Amino acid sequence: MSDHVYKVVELVGSSTDGVEPAIENALDKAGDSIRQMRWFEVQETRGHIEDGAVAHYQVVLKVGFTLDD
Amino acid sequence: MSDHVYKVVELVGSSTDGVEPAIENALDKAGDSIRQMRWFEVQETRGHIEDGAVAHYQVVLKVGFTLDD
Amino acid sequence: MSDHVYKVVELVGSSTDGVEPAIENALDKAGDSIRQMRWFEVQETRGHIEDGAVAHYQVVLKVGFTLDD
Amino acid sequence: MSDHVYKVVELVGSSTDGVEPAIENALDKAGDSIRQMRWFEVQETRGHIEDGAVAHYQVVLKVGFTLDD
Amino acid sequence: MSDHVYKVVELVGSSTDGVEPAIENALDKAGDSIRQMRWFEVQETRGHIEDGAVAHYQVVLKVGFTLDD
Amino acid sequence: MSDHVYKVVELVGSSTDGVEPAIENALDKAGDSIRQMRWFEVQETRGHIEDGAVAHYQVVLKVGFTLDD
Amino acid sequence: MSDHVYKVVELVGSSTDGVEPAIENALDKAGDSIRQMRWFEVQETRGHIEDGAVAHYQVVLKVGFTLDD
Amino acid sequence: MSDHVYKVVELVGSSTDGVEPAIENALDKAGDSIRQMRWFEVQETRGHIEDGAVAHYQVVLKVGFTLDD
Amino acid sequence: MSDHVYKVVELVGSSTDGVEPAIENALDKAGDSIRQMRWFEVQETRGHIEDGAVAHYQVVLKVGFTLDD
Amino acid sequence: MSDHVYKVVELVGSSTDGVEPAIENALDKAGDSIRQMRWFEVQETRGHIEDGAVAHYQVVLKVGFTLDD
Amino acid sequence: MSDHVYKVVELVGSSTDGVEPAIENALDKAGDSIRQMRWFEVQETRGHIEDGAVAHYQVVLKVGFTLDD
Amino acid sequence: MSDHVYKVVELVGSSTDGVEPAIENALDKAGDSIRQMRWFEVQETRGHIEDGAVAHYQVVLKVGFTLDD
């Protein structure tokens, strides 16, 4: 594994349900164009508020994937 | 929307149930005195431990609201 | 001056025209309720994009004012 | 409480189920050797991806416990 | 204690005598309008210099207080 | 809006005229290949100096755009 | 000295009297189990408030000690 | 040079031999698809351990390249 | 260019007119004693407020110059 | 692998020869008491200077190891 | 005051007596060569340990002084 | 050693050969005008790329030296 090269992209996923679904939505969408995703790191957790309650969560995450074929 | 001014306050919500309920408790309580809350950002996630398990979660968050009337 | 106490609030100003007007809009609006503002520090500069161009700038700033009477 | 001394250790918990279970797994395991844990702070949230979905969450946390007897 | 909500304000205290008196001056003044202060965290320590010596110390601190009644 | 996924790219724009033109140059160029840009955040402001004066400004910014179609 | 290996631990000391006594309390307690402590770095300064005044100071510090025998 | 626009990507290179070879491996691989790379910045240096020794180094780096044609 | 050595100094420029003039004032003044300045990086943007409006902008910047002759 | 718990310790290794040997010295020494080390992250690189040249390099690193048996 | 230019230098002061005396020692020594010092900011507080107790405190501070004559 | 005062300067060294030679070049050049250098800390590691390979490494470092006589 020692000579692999990875690329890292930054994504923002969102969900009305919580932090984990927002992460999963981001990966699900990104998986359409990126294969071989290996890890993620949460950069920020935030969200929008409507009528005094959380309207949806947004999670900014970095996703690493293998650049090798 | 371009000439709005927002104010940002820092709150700490807590809950025995998890991260999202702690956020929602903070917004719920803050909504008593702050109207027109628009977004939040999580600054820190922490908690207290009792008998070797999580007693409650605490989430420090910034909340932005419109200053205009 | 050595025994003054200051309070610091966080504001977000915006403007279609640039960074400085966004700062000035924030101070102008905040001045309605805060007297004796003394200094500001820019925390973040960002903005929204429409049709591939800057729609408006947003500047997050901290503003310090005297708490003494 | 004012003269207590605490020690802080850094742990990484993981879980296939989410952020809170990963925290609880870390505390549960650490509780075998550390008594009198008092608080935790989340340092990082990340995870591994398999087949385009979250395989498991990893949470890096600091845990404080009383050094006094 | 698990369902309390706290608000956090940022203050700058100053004193000609040192770091601890600057913190205490800030709390003393803030106590006029904020009841139920619970904790503080030092954000920055700085000061002004006159004639090559410290004229006064300034300490920027965050103060958390209970929002519940 | 709650289930959108965004991608974030990092760009460096430059201009001999100032901070705002450097941001606008970056967006203008990026708009050739990225549609549906929604927001930007300034990461760094810097520049080159020639003959003791600013030769050009460089602004590092993150730009978010919708990944959905 | 060039081939020594150090280990670093994180401690929280507290004192009703101020920042320096909190540091000294932490070292004093840690010295029961750690010999050959060499340096410390302050990570955070905070405290608890009772009746509008500092009840005690807490100082989070890293302490380095020689791992060699 | 003042009106160029750059794009910045994040890569992770690895090598069994050290920090510099890990950087060079990342650039070598990235050069297959990115032309006109101009600069890099190291973000993190880390690695994996096997049998108590470094198995390979990993270097996270940002790479800037000209977006102009 | 590969064997040059640079020195970096930190300056604070100010101007009643905005961010760019504050940078230019700093470079203009520094140019009296520093030759061969090559680049700058903005560290902080702040300012003083009088009568509810910006009295002047202050920009903290690092300036790099060639140490070689 | 998803339910493992790791502990992270902070070490400082040093060497007259360079960054990689300092890392290896730290791991070599730590391996006497810590089995099952898995990864490291460099936190800081520094060193001492004697007679205008590097006397030895010091690398501060975090090392993660399995807490499970 | 709006067109002044300041230079900022970084100093490390030390004292066996505490944080404030370490700051004052740094300013006192620096005052031999720098006139017109105006403000300081503490960057780090640390120290050396001998026989399990603080041998001396070290405070890293930035000091700003007027560059104008 | 407890009453020494140090000054810290920021330098950028570069080398076609790697990180350590870039550090050594910076110290070597700085040693022409600074005597009594005591320690260094790496702030950033970066470099320029030509033809898809590292043209030279640049290391930003802080260097502390004794201000005493």
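Residue numbering begins at 1 within each chain, and the chains themselves are lettered A, B, C, D, E, F, G, H, I, J, K and L in the order written.
In the analysis below, contacts are C-beta pairs under 8 Å (C-beta built on N, C-alpha and C of every residue); 3 or more make two chains touch, one makes a residue touch a chain.
Just so you know, these numbers come straight off a predicted model, no measurement behind them.
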item	value
Any chain in contact with chain D as well as chain F	A
Distance in touch steps, counted as few as possible, from chain G out to chain I	2
Copies chain D and chain H - rotation angle from C-alpha fit, nearest 5 degrees	180
Most widely separated chain from chain C, with each centre as the mean of CA atoms	J
Chain whose mean Cα position lies farthest from chain E	H
Reference interface K-L: repeating pair among C-I, C-F or D-J with over half of contacts shared	D-J
Centre distance in Å when chain C and chain L are each reduced to the mean of their C-alpha atoms	38
Distance between chain centroids, defined by C-alpha means - chain H, chain J (Å)	22
Chain A-chain C separation of Cα centroids, rounded to whole Å	31
Between chain F and chain H, centroid-to-centroid distance (C-alpha), Å	22
Multi-chain contact sites of chain C, meaning residues that touch two or more partners	9-10, 19, 48
Graph class of chain-chain contacts, one of line, ring, star, complete, other	other
Those chain pairs that satisfy the touch definition	A-B, A-D, A-F, A-H, B-C, B-D, B-E, C-E, C-F, C-I, D-G, D-J, E-G, E-K, F-H, F-I, G-J, G-K, H-J, H-L, I-K, I-L, J-L, K-L
Interfacial residue positions of chain F with respect to chain C in the complex	19-20, 23-24, 27-28, 31, 35, 37-42, 63
Residues on chain D engaged by chain J in the complex (per definition of touch)	9-16, 25-26, 29-30, 48, 55-56, 60
Residues of chain L that touch chain H when the two form their complex	18-19, 44-49, 52-54, 57
Contact footprint of chain I on chain K as seen in their complex	1-9, 62, 64, 67-68
